[in-house]
Amino acid sequence: MLTPIVIDGLSDAALLFLVAVGLTMVFGVLRVVNIAHGSFFALGAYAAITLGLWAGALGLSQALSYGALVLSALLVAALFGPLTERLCLRATYGRGEIAQMLVTFGIFLILDDVQKLVFGVQERQNDAPLSLLGVCNLGGIVYPVYQIALVGLAVVVAFSLRWFLRGTRAGKLVLSVVHDAEMARFSGIDTAKVSVAAFTFGVFLAALGGSLASPITGAAPGMSAEATILAFAVAAIGGLGRVEGAGLAALIVGLGRAFAVYYAPAFDRATPYLVMFAVLLFRPQGLLGVVETRRL
Amino acid sequence: MKPILKAEDLQVAFGGVIAADRVNLTVLADEVLAIVGSNGSGKTTFVNVCTGYIKPRRGEVYFGNTALSRLHPRAITRLGIARAFQIPQLFAEHTVLENLLLAAAARRGFWRPFSAISRPCYLEEAREALGLLGLEGCASQRAAQLSEGTRKLVDIAMALALRPRLLFMDEPTSGVSSDEAIVIMEAVMGALARAGITTVFVEHDMEMVRRYAHRVAVWESGRVVAQGQPHGILHDSQIRESIAGMA
Amino acid sequence: MQHYSRKTASLAGVLFGLVFGLLPQAAWGAGERPAQLKVGVFTFVSGPAASYGMPAKNAADLMFESLNAGGGLAGVRLEPVFVDEAQGTDAVVSEFRRLVTSRHVPVMIAALSSANCLALAPVAEQLKTPMIAWNCDTHHLFLKKKYRYVFRANTSTVPEFVAYAAYLLQKKADVSRVGIIDPDYAFGHDAAVIFSETLRRFRPDSKLVVELYPRLGSPSYSTEISRLLAAHPAVIFTNFWGADLENFVRQALPRKLFSQSLAVIALGTTVFEEFGQRFPQGAVVGVLGDGWYHSPAVRANPQAQRFIKNYQERFHQVPVFPAFKMANAVLVVEAAYRRALRENKGQWPDSERLARALEGLRVKTLTGPLTLRADHDGLTDQIVGVSRNVAGSPYPVMADMVRYPGELVTPPVDADPIQWIKTLPADYLERLPKPGSYGP
Amino acid sequence: MKGPRALLWVCLAAAAVAVALASPWASFILTVALAKGLAALGVALLLRAGLMSLGHALFYAAGGYGAAYLARWLGVTDLLLLLGAGFLSATVLGLFTGAVLVRYRAIFFAMLNLAASMVFFSLVTKLYNLTGGSDGMPLPVPTMFGLKPGQGLFYLTLACVFVCAGGLRRYLDSAMGQGLGAIATNEIRLEYLGISVNGLLFVNYAISAGLGGLGGALAAIAIGHVTPELFFWTTSAQLLLGAALGGAGSVAGPFAGMLLLEGVRTAASQYAPLLWEMAMGLCALAVALFVPQGLSGIVDLPQQWKRAVQ
């Protein structure tokens, strides 16, 4: 019984991580609490499905639908990232969380209707990526290979993000802005450019999460609200702004939910929030968050 | 003179850094004690421990017979110990008068949901505290708009409005031009003397120490290495050397 | 303090503006024949439930157009006024009130969600405005409360899910080990009780080995599917719908869940088109009523055929059963007006007369007969069958169909439904028509 | 300056009454909007202290459910008793959650409130037999001393608004009220004035929970039905939006904000029924970007523009 629980927990964790990682990155870099995060997640899913279906309709190789997953995330990021940051978010910097929440909530509401107008209200799906890889048998239970591969993909995303932030010049630039925007400005870094780039990258991560999840989850109205709230829970548990934290939190929530489904189904739904409540009570900064103390 | 505050065997460490190492120090009633020492020697830490911002690892601070180390800053404040800060801590969006009104209300009965803060008795006290430091002119200015020197004065005025028995001031003149510093200190020390408030102040400027302190305690690496009259202490060459790096 | 009063003044301006902007725009001349008949139509056009609400909205558009093309109601044009149920219960109630009092809408087709039906029914009663529930099927609606103005143009959860259980029992399927996975709300919980109680009435050995209620709108059912696979039930019952159903089926298909167990996918017909021939074969499916677009009754009905043709042409989809439920509800409104006009010698009915005309109304709908019973609940037949791919069709059809007459699967007026199930006569199953007896 | 302000409030009340008399639906929507305004006023109270609650739907919903349970268990239909039940259940809940949550600040406060409300949302949806699940629970048509009040609910709501707004106005002028703003700018100084910041927040949290409960109960009685949706985070976001739209600067702000929101939603569902979300979103964006102080900041705009031109 333990094997399927762990496997299900891991694959759930992979999805949760992909939902949350963009949110936590954007908060870490821009200190922006992005309620519209779920909208970008959903747009990524819609775009991936639409592109995949087009590829299918054009008679292109089905394997191309894997490429469509990444391409669609790039498209969504290129289309919405700079636009949102320049037009809406920039005006809120330094005006506190309340203005940010208002702006991002506004964007969330608008994008919800945009989605409806563009993609309609019927669920959309393209499970070519899911079925192409076939299935495997683990511990007597059949799983789609894609679902297992997603765990690997999540790990890859986590480590490439870590490598990007710590190992590349661009990443270090971003981190220096996180660390001390004032200082960065003095040392000649164009923080405005970094902000656009970082937010666009965050949108890319959100959309990538949606597109990678889409073969399993499909895309349907209501998806953005769900994604936003889960992303918040996972990011808060791990420590807002901490990529590794999001990974750890996704693992805990994913495994917790899997165990709940087996042993306490009444609580599976409340699991992320109960974990969040419990963690924040004892570590308000989240599992891997850092406390900022004030000097007198 | 009677002791009013007594620190016994205080020990504070942040990670591996010792910020207070077996500190024993007594503050006497009605005196003005200056704390001097180089940067990082533990002066502010001492103030922080005495006012409850930091809990000591070992040792105790007594205010009269009350042990302070387990108390919150607010409880210590209510015992009659007030504090002014190195970086002025004001309510930036309130006017100067409103800042002082809050201090006056805090002393006289804060928890009255339906009695206006601008009651005459609070107003009178707030104005009085402003008057002590010559701040009447900026009463209706927002705290955020004040110059650094005035902010320092308002910060001290708020501490004064609490009518404490003991006042800690952490570098009252840092960040202020030396001309301004003299004016500030003259006003503050005069007011304190008139009100009869025991004062402990952390100071870098030896001139200020020489002028206003009754007694000096010299800090080095978390220890009190010397204490006594300003004249004797400030002329000791060894001590001058040890605090030379600070000014 | 000066600025406070200036602020208050400006706020007062805003308030005044808002308040007068919201004032009713026209006076109401009651009694005489109106220039047009407005009909409030409550459905989901956004949010997750829109996948059901939108086909219904489309259907309503078509039905009103065709009614108007045929001269309207005794020369009066009909005009639908749509309300999005996704705005939340308070807004839905508010819109209902606004439509009645400010826009003089005399009759409502409301609502899709059970929560909204339950919330709107007392409002309809208070405003004395006839309300025709078109999709909500909670059997609690008429269980304890008696309404004068509230009617339901479709059936409740009880006949709907008794039918699936009866179908399994008649087919002598192995129901010893049953697994249930339903959405986590009243519809799912009620269906689970009704389905399993009916099985147990005739097969006391039938055991529930796993019972799962994942939250509405779950993106992934992986863990639940693993649990179902591990529990090896002989029958898996689900009344998922919309995106949840698509997700569940898509995620369960490659994992062979439906080849391991016999699946009862109650609302499966709604996703036939999405899945095409990949839809699990031999799964028990149905339409929660008789709204199957390919049933013999529908094929024999030229009006229904026109409706389907128009629907497919305009929306490039087949009309799933929520579309039929809405279309039939529009027909109920039409029939009620015609009856009221007839019984009042052509005088335009007020809401009271309209409500009386709805009492005991019998309507020949697009999909079969519908009766509004004494408790105002709708009585229609239940069509159940199994999914089967046939040559020449891109998606499965319902095979082995049965059409259970409404009065056989519906508890009598005022009966406690669970008690009624528990005391069904021993020969009940024999009295029902047999699977495969309906249609080709 | 007391005179003109009081006069304005009286005018407002007169306008509201006139509208309610003109159209029964207007009295309904005004009732709901003002009830939500009460809850938004609670949210705005915490906004003053710089705290943003993303979970105040918890108390709004608790007020509604409290009233619904009183009706369901004891068959009570009296309006004042139902209101009392809603107010009390939310306040008690506020005392418990507040005791824990006032230790947190900034985004953590927002998140924990969110978590608390979402736990309740999950449980209320899940415990079908106890709560009616997602179908919710009905509330009876209320009576007042045995009589059917009809429009009475609207007047009662209006009375609640005036009592609460007036009380809060006075409260905000007190040391405790001024202390709220002080929390936003400098907690440490407040502690060094001998004031327990968490104690002060706790009191305000309880007040804001009570206001939420009162608003929730009034709205629930007007609507006649409660559903778990009330607990969902989008309800919280709406209350927050209303408070921020109105601006936390004056007690009338949240009411104006909520009226505006309801107005926009109503207008949108009349003229563009498929795009009401977008209308509300644009509204939020416009206010956040162009009127940072909310509606109560509109009066300052011409001055700001003048300054900008110069």
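Note that the chains take the letters A, B, C and D in the order they are written out, and that residue 1 is the start of every chain.
Note that a contact is a pair of C-beta atoms (placed from the backbone, for glycine too) under 8 Å apart; a residue touches a chain by one contact, two chains touch by 3 or more.
This one's a predicted model, so the numbers in the text were calculated from it and none came from an experiment.
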item: Chain located farthest away, centre of chain A as origin (C-alpha); value: B
item: Most central chain, Cα average position; value: D
item: Contact-richer chain pair (by C-beta pairs counted) among B-D and A-D; value: A-D
item: Distance between chain centroids, defined by C-alpha means - chain B, chain D (Å); value: 43
item: Centroid distance [mean C-alpha coordinates] between chain D and chain A, Å; value: 32
item: Whole-Å gap separating chain C and chain D, where each centre is the average of the chain's CA atoms; value: 35
item: Centre distance in Å when chain B and chain C are each reduced to the mean of their C-alpha atoms; value: 74
item: Two or more partner chains touched - positions in chain C; value: 45-46, 184, 213, 215
item: Chain D: positions in contact with at least two other chains; value: 122, 125-126, 188, 274, 277
item: Residues within chain A bordering two or more other chains; value: 112-113, 116, 269, 296
item: Complex contact set, residues of chain D against chain A; value: 47, 50, 52, 54, 100, 103-104, 106-108, 110-112, 114-116, 118-119, 122-123, 125-126, 188, 233-234, 237, 240-241, 244, 274-275, 277-278, 280-285, 287-289, 292
item: Residue ranges of chain B touching chain D (in the complex, touch as defined); value: 51, 72-75, 77-78, 82-83, 89-94, 98, 101-103, 105-107, 110-118, 122, 158-159, 162
item: Residue numbers on chain A that touch chain D, as the complex places them; value: 33, 35, 88, 91-92, 95-99, 101-103, 105-114, 116, 225, 229, 232-233, 236, 240, 266, 269-270, 273-274, 276-277, 280-281, 284-285, 294, 296
item: Footprint of chain B on chain D - complex, ascending; value: 167, 170-171, 173-179, 181-182, 184-186, 188-196
item: Complex interface listing, chain A residues touching chain C; value: 1, 4-5, 7-9, 11-12, 15, 112-113, 116, 120-123, 125, 127, 130-131, 134-135, 140-144, 147, 213, 216-218, 220-223, 226, 257-258, 261-262, 265, 268-269
